[in-house]
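One chain, subunit A, links the two complexes that follow: it is found with subunit B in the first and with subunit C in the second.
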Partner chain A sequence: MFHHTPLRYAALVLLASGALFQAFTAQYFGLEILTEILILAMLVLALDMVAGFGGMVSLCHGALMGVGAYGYAVLSTTAGLTPPVAMAAAVGITAGISWVIGAICSRSHGIYFIMATLAFGQMAYSYVFEAPIFGGDDGLGGIERLDLSAVGIDLNDTRTFALFCLVALAAIYGLAVMVLRSGLGRSFSGVMHNEQRMRALGLTVWRVKADVFGLSGMIAGFAGVLAAQHIMYISPGLMAWTVSGEALVVVILGGLGTLVGPLVGAAVFVVLKHELSSLTTYWHLIVGVILIGVVMSRANGIFGFIEDYFAARSKAAVATPKATEVTKDA
Partner chain B sequence: MTTDLGFWTLQALNALQLSMLLFLLSVGLTVIFGLMHFVNLAHGALYALGAYFAASVAAVWGYWAAFLLAPVAVAGVGVLLYSGFIQRMRKSGPMAQVLVTFGLIFVLLDMTRIIWGDLPLAIEVPAMLGGRLAFLGVEYPTYRLFIIVLGLVVLAGLAFVLGRTQIGAMIRAGVDNDEMAACLGINVERLFFCVFCVGCALAGLAGAVAAPLLSVSPDMGLQILIPTLIVIVIGGLGSLKGAVAGSLIYGFVQTFGAVLAPQLSSVLIYALLAAVLVIKPVGLFPAKG
Partner chain C sequence: MLETRNLDKSFGAVHVTRDVSLKLERGERRVILGPNGAGKTTLFNQLVGELTPDRGTVHLAGEDVTALPVAKRARQGLSRSYQKNTLFDGLTVEENLGLAAAIHTGNATTFWSDSLGKAEVREIVKDVANQVDLMPFLHAKVSQISYGVRRQLEVGVALATRPLVLLMDEPTSGVGPEMAKGFHDLLNNLPRDLTLLIIEHDMDLAFDVADTITVLNYGEVVFDGLPDAARGSDLLKEIYLGSWEDA
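Moving on, here comes the complex of A and B:
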């Protein structure tokens, strides 16, 4: 089960104050990067929920984000719904689709689960790529942002939109923590540690998996809606499997199953990407080397490494955070 | 057009040619997985490397030298990967393996861009295999027929080695139960290493063979990766029969789907994969029950 340690609180405070500082002082370009980080952070939070706490390593979260983005774009432009209704509908549709995917894939494990989710993601990608109502490979433009002028907030302002995303991310983080601490979330972790035992306890395993996967998809869909509103233009490239792969990379770089780690990962990844791509066009090479280094070092990402370091320094009986999690669950 | 027999023959040959290319790639990947339980996402990158080596060698010594040298060179890269990363990742879970090889994709992709540049390279079809051949009442490019024949030869060779020789029996024993095989005095580690190299060489061969058909570009490895994974997951990991069945299913569904139902073709194969995974979560012919 997920629980906050002082270190995690400290990291959250640090991240939040960094984001706030950036939101109030940065210029246009800095704000764009901040918004990109915040949206990516929502996506990886959704992925960490299922991958880190239920062992469901999904390669379709990028596509789910795309479903949210396309759902919002089509509903708000072609179907002519007002932005709040379109937002809610898009998030709802994504949640429904991901619940179905989660239910279908709940019987698969390990590499087969990865492949099955990849298949669903690619299915959505190739459909959108060819379907005329989604604009095909041209993408869709002219997407409007949410209109909050009734309460005196203008989201078309870059700074305001970044702050809006920050508030949304905080709310989503709270939601993720709530879900993981609920009975559902505890059963979900139980299923990861021992599926047979949970079944013997009378749990309907596939329902638990599908429910959490649906909630995670809902968050990914919301991230997609915000991404569509942020760039105001979407293309099928948003749904390609490499987006899901990158999201997984961010989760691993940050620290799987720590919820705070992926937030750190998202910030590091986006900043690294922008810094490196201004230096060299071969930034994938460097990201690849870092990824290999992190995975082969056997540390649980950047944040996991810091947690391990502090756990080893303090005189706690349990050496690693992983061990703590297991004993607390048992 | 659909009543014309020649049309069906032509499409069937196209499908077979695609299937054989995918077979060359997927058989290495699937046996590596079956034997080592190792998920090598970088297999597609090795195929791209094969194509690049072939393009470079063909520019100097002609196509046939490339055809022979590219698999050897890719097997050499395989040796480096094995001793550098894969040996150390053997005991880690599938997740760590997927990520390390995902990182390798990034690295290999950018290395090819640094060495060979961003522009696609082209290589000529060898003179001997140029032109068209009248075959079963249709004119078909000789080079594509060559790919089909090559695929069938490799298939026959692998079927013979795996089914009839002692080394094949050792490999099958290793796939079935590696600990038991080790107890019976088989050096499973060395066997793994050899199979891995052969798999890499086959990926290089596929790259060299595909190079004259497609243009050689840095992202060709990424493009072929998903079809290859679909093939081995539909077929079931670890078995030769599965790789054959998966390649044929993919080749025929993809080719005939594109001709008969163009608006559905791209979704069709993924829907098929999802259906297979729902009905048989471990694929059609898994090596282990």
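Moving on, here comes the complex of A and C:
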């Protein structure tokens, strides 16, 4: 069951302050990196919802993000829908597809679930790669951003778009918290703890899994819509399984099942990627070594390590009386 | 309230339940006795739908539920507790009871509000916690409570679905004599309109609680009657009660 702790609140305040500082002070390149972090953060939040709180380790979330991106691109360019309608439709379609995938895969567990979701992701990737309507391997260009000029907001401005993504991420974080603390979220968590018992209590387990997977896919789809608007061009690479794998790496790096951890993971991962790739083309090796280190440390990612550290400190503070107290007793 | 007709189940060459027919009236408290391997738990698994019988039917409140999945039978009023604790270890006692109560009240699938915040869920949680003496442990995590209290919670979780029929698989399994005595009171204090079917090895508890007794041996019903008749049955002494009476 998800709950906020003072440390989690503190981490959220720090992350939000850092993002706001970057959004108001950074130049073009810094703003691009910030937007990349924010969009990745949405994707990994979506993945953490299902993997961290329901044990549904998905390898198709990259593809679901791609469904949102391609859905928006096709609906807003080829179909000629206005951006708000295209956005809503793309997110809705992704949610529907995710629900169906969740329903179908709900009976499988562990490695079989991972493989089933990987298969769905690869099917989507292969289809988009070949289908002329999606531009094949050339991808699709000419994608417009949401037009908010009526309320005096120009999303074509890099700084404004970064701020828009930050507000969207905050709203999505709130949605994820609401879902995980709801009756559905509690049932989902109960299923992860003991699926057989939840069924014996009368819960239609597949339906709960499908519902949360659908909501998670909806968030991934929204991240895809923003990714398409960010670059204004999309290619099948967005749906490759490596995107899902990278998202899983970020969730584990940050802290599975914490919601806050994946946000930390997204920031660390993107900054590392940009910093290390400017030093060496073999930057993946270094990220790999860091990930192995995090996994081998037995802590739940970077944020889990921080939580463990503070928990141990407060335990030690309770166990060890203060020097003045000892003197007084003596 | 609960009826089985000619239930048969085999695993390969092993015949685990043979032609088992039972009929429990509303509010009846029946204890199932039998040596290890008699097919008691397998019978329970067929009743709740965790196993499909090879032959025979299960009826709940007059309706044939043999083809219904586990969750649907539970929603129709058939609940069970397990011989081995099957709780939600990382959660508190309150959250454990709340999960079951949320399913019963239809709050388990809403994504916009917290089920544990709902008045009807809280009422069931409080009510059941009182029934099974869990009030002092409500905010403790399952990992922080003793084994005996976990057994109480095991029954409490099943009760929180407000069942018509409650199947209890060895509720006192692994608890000491003092705790077992507490279970006598706990079971005797349950609402009289709740139908109970209990697998139990504790003879004192069995004869204290039971309105009727059914004895299974090698998957077959070999005795079905009142506790007093069970005490006097030579067949029972031979297959099961000998060691108890001698002790």
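The criterion applied here is as follows: the second predicted complex is superposed on the first by the 315 of 330 C-alpha atoms of A that agree within 3 Å, B and C clash if a C-alpha of one lies under 4 Å from a C-alpha of the other, contacts with A are read in each partner's own complex, and residues count from 1 in each chain.
In this text, contacts are C-beta pairs under 8 Å (C-beta built on N, C-alpha and C of every residue); 3 or more make two chains touch, one makes a residue touch a chain.
If you're wondering where the values come from, they're calculated on a predicted model, not measured in any experiment.
Visitor: Quick check on the superposed pair: does A:H284 touch subunit B, subunit C, both, or neither? Answer first, second, both or neither.
Guide: The first partner, subunit B, only.
Visitor: Just to be sure I read the superposition right, which of the two partners does A:S187 touch: subunit B = first, subunit C = second, or both, or neither?
Guide: After superposition on chain A, A:S187 lies in contact with subunit C alone.
Visitor: Which touches a greater number of subunit A residues, subunit B or subunit C?
Guide: Of subunit B and subunit C, the partner in contact with more residues of subunit A is B.
Visitor: Which partner chains sit in contact with A:R207 here, subunit B, subunit C, both or neither? Use first/second/both/neither.
Guide: The answer is second: A:R207 touches subunit C but not subunit B.
Visitor: Quick one: is A:I292 in contact with subunit B, with subunit C, with both, or with neither? Answer first, second, both or neither.
Guide: Only subunit B; A:I292 stays clear of subunit C.
Visitor: Considering only touches as defined above, state whether A:W241 meets subunit B (first), subunit C (second), both or neither.
Guide: First partner only, subunit B.
Visitor: Between subunit B (first) and subunit C (second), which does A:A116 come into contact with in this model arrangement: first, second, both, or neither?
Guide: Only subunit B; A:A116 stays clear of subunit C.
Visitor: Looking at the complex, which residues from subunit B come into contact with subunit A?
Guide: 33, 39, 85, 88-89, 93-96, 98-100, 102-107, 109-111, 113-114, 222, 226, 229-230, 233, 237, 263, 266-267, 270-271, 273-274, 277-278, 281-282
Visitor: Using the touch definition from the top, list the residues of subunit A that touch subunit C in their complex.
Guide: Residues 1, 178-179, 181-187, 189-190, 193-194, 196-205, 207-208, 211, 215.
Visitor: Any idea which subunit A residues touch subunit B in the complex?
Guide: Per the stated touch rule, the residues are 57, 104-105, 107-108, 110-112, 114-116, 118-120, 122-123, 126-127, 129-130, 241-242, 245, 248-249, 252, 281-282, 284-285, 287-292, 295-296.
Visitor: Taking the touch rule as given, give the residues of subunit C at its contact with subunit A in the complex, in rising order.
Guide: Residue list for subunit C touching subunit A: 48, 50, 70-72, 74-75, 79-80, 82, 86-91, 95, 98-100, 102-104, 107-116, 118, 157-158, 161.
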